[in-house]
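Below is the structure I would like to discuss, written out as structure tokens.
Labels for the chains are A, B, C and D, by order of writing; each one numbers its residues from 1.
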Amino acid sequence: MARKPILGLFEDPNYAAEAGDALQRANILPQDYDFLTDAPYPEGAFGERHEKHRLYVFPFIGALIGLTVGIILTSMTQLAYPLTQGGKPILSLPPMAVVTYESTMLSAIIFTIIGILFESRLPKIKKGLYDTRITEGYIGVLVNVDEEQLNQVSGILTQAGAVDVVQET
Amino acid sequence: MAAGEHSHEGMWVFPAPEAVTQDMAEKAEAMPKAIARALAVTGILFALGIAGFVMRALDDGFGAHGPWGYYAAIFMFLFMVTGAAPLAAVAFRFTKSHWRRPLSRVSELFALLGVLNVIMFIPLMIVLPSIKNPEVGVEELEIRRSIWFETPIGAPLAWDFLGLLFLAICSLAILWLSAMPDMAEGRLTATGFRRKLYSLLAGRWYGTKRQWILHKVGLGLLGAFYFMLLVFVQFTVASDYAMSLVAGWKDSIFPPLFTLTSFQSSLGLILVTLFIMRRWGGYEQYIGVSPFWSASKILLGLTLLWAYHTFAFLITFWYGRLEIEQNVLKYFFFEAYGGAFAANLFFSFILPFLILLWNPVRKTDWGPTLAGLSALCGAFIFNLKTFVGAFNAGDVYAIFFEFIPGPTWPDLWDVFMVVGGLGAAAFIYLAATRLFPILSVWETKEGAKYQKMDTLVRGRYLVLAKPE
Amino acid sequence: MQEGRVLPSRQINADLLRSILNSPKWFWISVAFLAFFVLAAFSTAGFLINRGYGVTGLNNQVLWGFFITNFVFWIGISHAGVMLSAILRLSKAEWRRPATRAAEVLTVFSLMTAMLMPLIHTGRPWRTLYWIYTLPFVPYDFARGIWPNVRSPLVWDPSAVYTYLTSSILFVIIALLPDFAVLRDRTTGLSHRIYSVLAMGWQGNARQWKLQIIAGVLLSALILPVFVSVHSIVSWDFGMAVSIKSWHSTIFAPYFVVGAVHSGVSAVVFVMILLRWAYGWQDYIRLEHIDALGRLLVVVATGWFYFFVMEILFGFYGMESDELAVRNMQFMEQPWNILMFFFVGLTYFLPVGLWLTRSWRRNLWLMSIACISVNIGMWLERFLIFVPAQARKQVFTFNWYTYAPSIVEIMIIVGTFAMVTMLMLLLSRVVPLIPLYDIKEGDILKTQVQIGRRTVPATFRED
Amino acid sequence: MTTPKPRIDHKWGMVVDLDRCTGCQACVVACQSENNLPINTKDVFLQRRAYEWIRIERYWEGEFPNVKARFIPIMCQHCENAPCEPVCPVFATYHNDEGLNVQVYNRCIGTRYCANNCPYQVRFFNYWEPVWPERMRHQLNPDVTIRSRGVMERCSFCIQRIRRAELTVERQEQGKLDHKTMKERNFLPACAMACPTNALQFGDQGDASGPVHHYFEEANHRLEERHHRTERVEEHPSRVYRLLEEMGTKPNVIYLKRVEMFPVKKEA
């Protein structure tokens, strides 16, 4: 059966939270509803489920890759031109350390960015159900349910004090 | 972790104000066996140290500065660590951070060691070779390089000594001022000689509004003054006893590096003390994890900065091919004291960095403590390497440091002096903890007012109030 | 210490998007005015490259002049961004909120401008372009087996600066996603389509917000070490030069970094004051923010002064005649001693004097004066470190000579300032220079604690 | 890519005998014409952008009336630890295995870092495109490239002459190339050739019969034993010295102190 999104808009965060509780009572799974806000509320403000993420892995992988690339690149370029300069060794480490450090940080940061986008599931090609009022301070409760439950859910939302309930047309 | 509870377990503790006074009074009176034993042991070490000092004096006298390298090293270590320790209280009071509250008195108590520093410095004044060359030999300078170019009156000794003295006085003033409200409390609760002492020291403190305002302002001013004074004294002493004893070693980053090492190691020392108090001292309900966690970030920053300064020094000297630079590198970093430098690098940077890298570890009480401990060891090796090396670097009046000697190993008396110095410091500090309340009671109570757990929509969070 | 009231987010959107949705009339006029200078600078650079270096004031003694000074200056300015946003983010300082984005954007633009300087400075820029500037986009010219020399600080430079540039651009973009979403919802037509692409379909659900917050902290922690390394490496361009007395000093790296932060943060404060005045953002860039920045600046300035004293003092410490000659030139000889006087006064004593009093910190005019004077001073600082040392470095050669910039150099320098300002203005037309969501978050977390009769402002914290 | 193998392991060096130098500037002129240096016109001098691959520095010693002129010719010292080399981002200058500090004009991008980092002030930057009057076109040396604007240049010990000598030897002696045959070609840098008093002597440091061999022997020997000494001793006086020895640059040019027949009276 097809699942359809439905979005309730609330002015007061407390109502939104109550809507959340009501949905829980109507045993709708926590991963089926979501709170859309225009600013970060501290985690768990709506009693929503805790989001698990593996973001911290990315910078480490990135750093490792950057480190290897840096070392290979710097040593390779020095060995490729075996020209003595100023009596310094052909493979002189302190300069290597500098450039390698930069490459390490660079790739660590790039991987972090990738990680952030990946973990927050962006970019989203089709945005799904959305309402521009959310960025005006309204709090949206986005629920994904089976079609026959739609009316029940919209009832719950309006009961909880939704200013408006939007559905896909 | 309770439902919707959004702060780490045991991270924040809010002791009940009324309970604190009573409990602290009892703790101050009590004399646990452990502390008694520790006092005994450190006392013996102290005695050993004195013995070692006397023997050294008898063996070599105060003529040449060479044999006193290890004495200088241990003095510098104590000065570096204990001198910078009170800064923790000062600095975090400036930033109005609440987590500092259990930590501030612990750090301020180190002020008492300032006196020890001053006393230990006196022999070093005698052994330091004069800036003017007594008899000018072949390829020698008439005035050796030092930060006192044409030697103003009494330089360098008088100035260094005065600096240390003022430092000790200033830190004692900070301790006295910040302990005053607690001792005023102690007047009533304490018994015996403590009662007399407290009523003497607390003076006319009744906690009037005006007194509190003066208290705050006074601490702020003293703190700022202490900070500047400390940086200056570290600069003069460090460069007089290390850099200007190595002919032609010109290294402008050395004083900042010394200061940085002192910050790092003193923070480490404070964390270790806190940990001992929390685990075995029975102060668990006052010391949450938050001091460790917040301090760990700063410790990590300091660690990275230490590595950065060291690298900045190394690469500049490595790149410049000047002979003196090559010799300094060989002597202090690669050949003579190469092993020491490796150990220093490991303890001051690599180990703490690897520990503090992990957020879960930083949120414990043991993680930051371990890092702090290793930073402490790193600072110790740093001082041994630098000052023992500097004291034995040959002719101080030479044009530049040309002939590289080997490393200098300690003999028995040196070992005695080193352990003795550590013992003395520990002894004094332990004694101090019996004398003064080791937890700053007024700050703890104040903190309880400004922090609470509160609800936002559904979740419970920590609320921190910052007064203007 | 947040005064100021909590605003409804409709209000916040209206105010902060004002610069984008309806731009004032002075906007295009000023942009055109600046663009004129930028074009002039670029054509001058063309003339310079066409004719060769004879048209500058450089000579066999002073080989690095205004361009390098300006390069270091702009690199310095660029250090404001991360300094503010990263350190304040990590220390959870509430008053960072309006400052962060302007600072980061300033970072990006000043870095871009800075990197033009060494390019113009080299004798054969077209070669520099593919030989050195390809460094970040490694691997470089494999086809002809042409490698840059890793031993040279001039190769460390681009690697560091491009790392910094890339990461701060990404940093800004990530922080912009939610605000792009707001714009997407406010705009129509083409701009709507563009913003929808930029917003990447941002919804603002719990997960996205959580990662947004973590991203802020994590990226700050990662960029901070880069930021320190950048100016250190720039300083090593000079620190590695053994032959020029007073350059080969170990303290250069931290000294330059602190100086950079000093000038950079002042620049950011000035930019914030300008924004507040230009777009009427009194409710967002409040006096207490300026005040807090002022206090921070006192600390930074004093730290800088410490390093400055160390550098000078150990210059004398060596007692080497030729280094003393450089110092003598800096402090005793005209015109350098006058410049030196102004430099120390403008960089430390005047501004710190102004920042010490609370009421003066909160007076925008005095604050702007202080910040500008810091930046003039820091520009002079670089000039005084680089040029006298070269003019007096010779042990042997007879023809000592000093340096006076030619009109060509001056025009290009002016152009860089115009360029950064213009880019900032143009960007303020496209993205909000104050992060909307950050302000809103601040309002959400605001609360207060009742102690007796006094209500103390407080904030919710998640640890 | 690898550096070309040396045909025989040369290590070129020059010895400047200050006792013989009369400061006649012949070397300067010879160098200018040999190496296609642009003409130092008056305003080039006034801009302080003159090219002097070798220059004679003149110092006055003593008070009038008993005053002496001191001359010291300074050219690129071809240091072993040249500070100018490692700072070049594009390998435009490096140390080849004949002990020469070589400049690759095609690589140079003109950062001018090397010139900043040269303690002897012997590197010169082409501020303008070099121009010669029409009728002087034919006196340009075909063996030496003309440097375009925006590159550094400096004394090369007339490397073109070294190479030509090697080529001729290879052509005539069926390539049996050794110190002897090389010396028979008796090539010299322009300055050394032009010097009327033989103040400038050039040769292979390894060539025991050469003019410079024993001076370098002595100098290197002194350096060696100074490094292995552990305390200061009185060294026996010697004429041999290098410029700015404390910089640790180890130049391949050696100077011989002037012998004072009638030393200038110093005022007490």
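Heads up, the rule we're going with is that a residue touches a chain if its C-beta (ideal position, glycine included) is under 8 Å from a C-beta of that chain, and two chains touch if they have at least 3 such contacts.
Nothing here was measured: the structure is a model prediction, and the numbers come from that model.
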A-B or A-C - the one linked by more C-beta pairs in contact: A-C
Chain occupying the most central position, where position means C-alpha average: C
For chain A paired with chain C, centre-to-centre distance based on mean C-alpha positions, whole Å: 30
Chain A and chain B, separation of their C-alpha mean positions in angstrom: 43
Chain B and chain D: spacing of chain centres that average the CA atoms, whole Å: 56
Rounded Å distance between chain B and chain C, as computed from the means of their C-alpha atoms: 35
Residues of chain D whose C-beta touches two or more other chains: 1, 81, 83, 86, 88, 91, 247
Per-residue multi-chain contacts in chain A, two or more chains: 41-43, 46, 56, 80-81, 85-88, 92, 98
Contacts with 2+ other chains: residues of chain B: 6, 315, 319, 321-322, 456, 461
Topology of the chain contact graph, where touching chains are joined (line, ring, star, complete, other): complete
Touching residues on chain A, where the partner in the complex is chain B: 13-14, 16-17, 20, 41-47, 56, 86-87, 94, 97-98
Chain D-touching residues of chain A, taken from the complex the two chains share: 80-88, 92
Contact set on chain C toward chain A in their complex: 8-10, 13, 136, 138-139, 145, 147-152, 155-156, 159-160, 162-163, 166-167, 170, 174, 177-178, 181-182, 185-186, 200-215, 218-219, 222-223, 225-226, 229, 233, 436-437, 440-441, 443-445, 460, 462
Partner chain D, residues of chain C touching it in the complex: 52-54, 58-61, 63-64, 118, 121-125, 127-128, 131-132, 145, 147-149, 151-155, 237, 240-244, 390, 394-399, 401
Chain A contact footprint on chain B (complex, rising order): 4, 6, 311, 314-315, 318-319, 321, 359, 456-459, 461
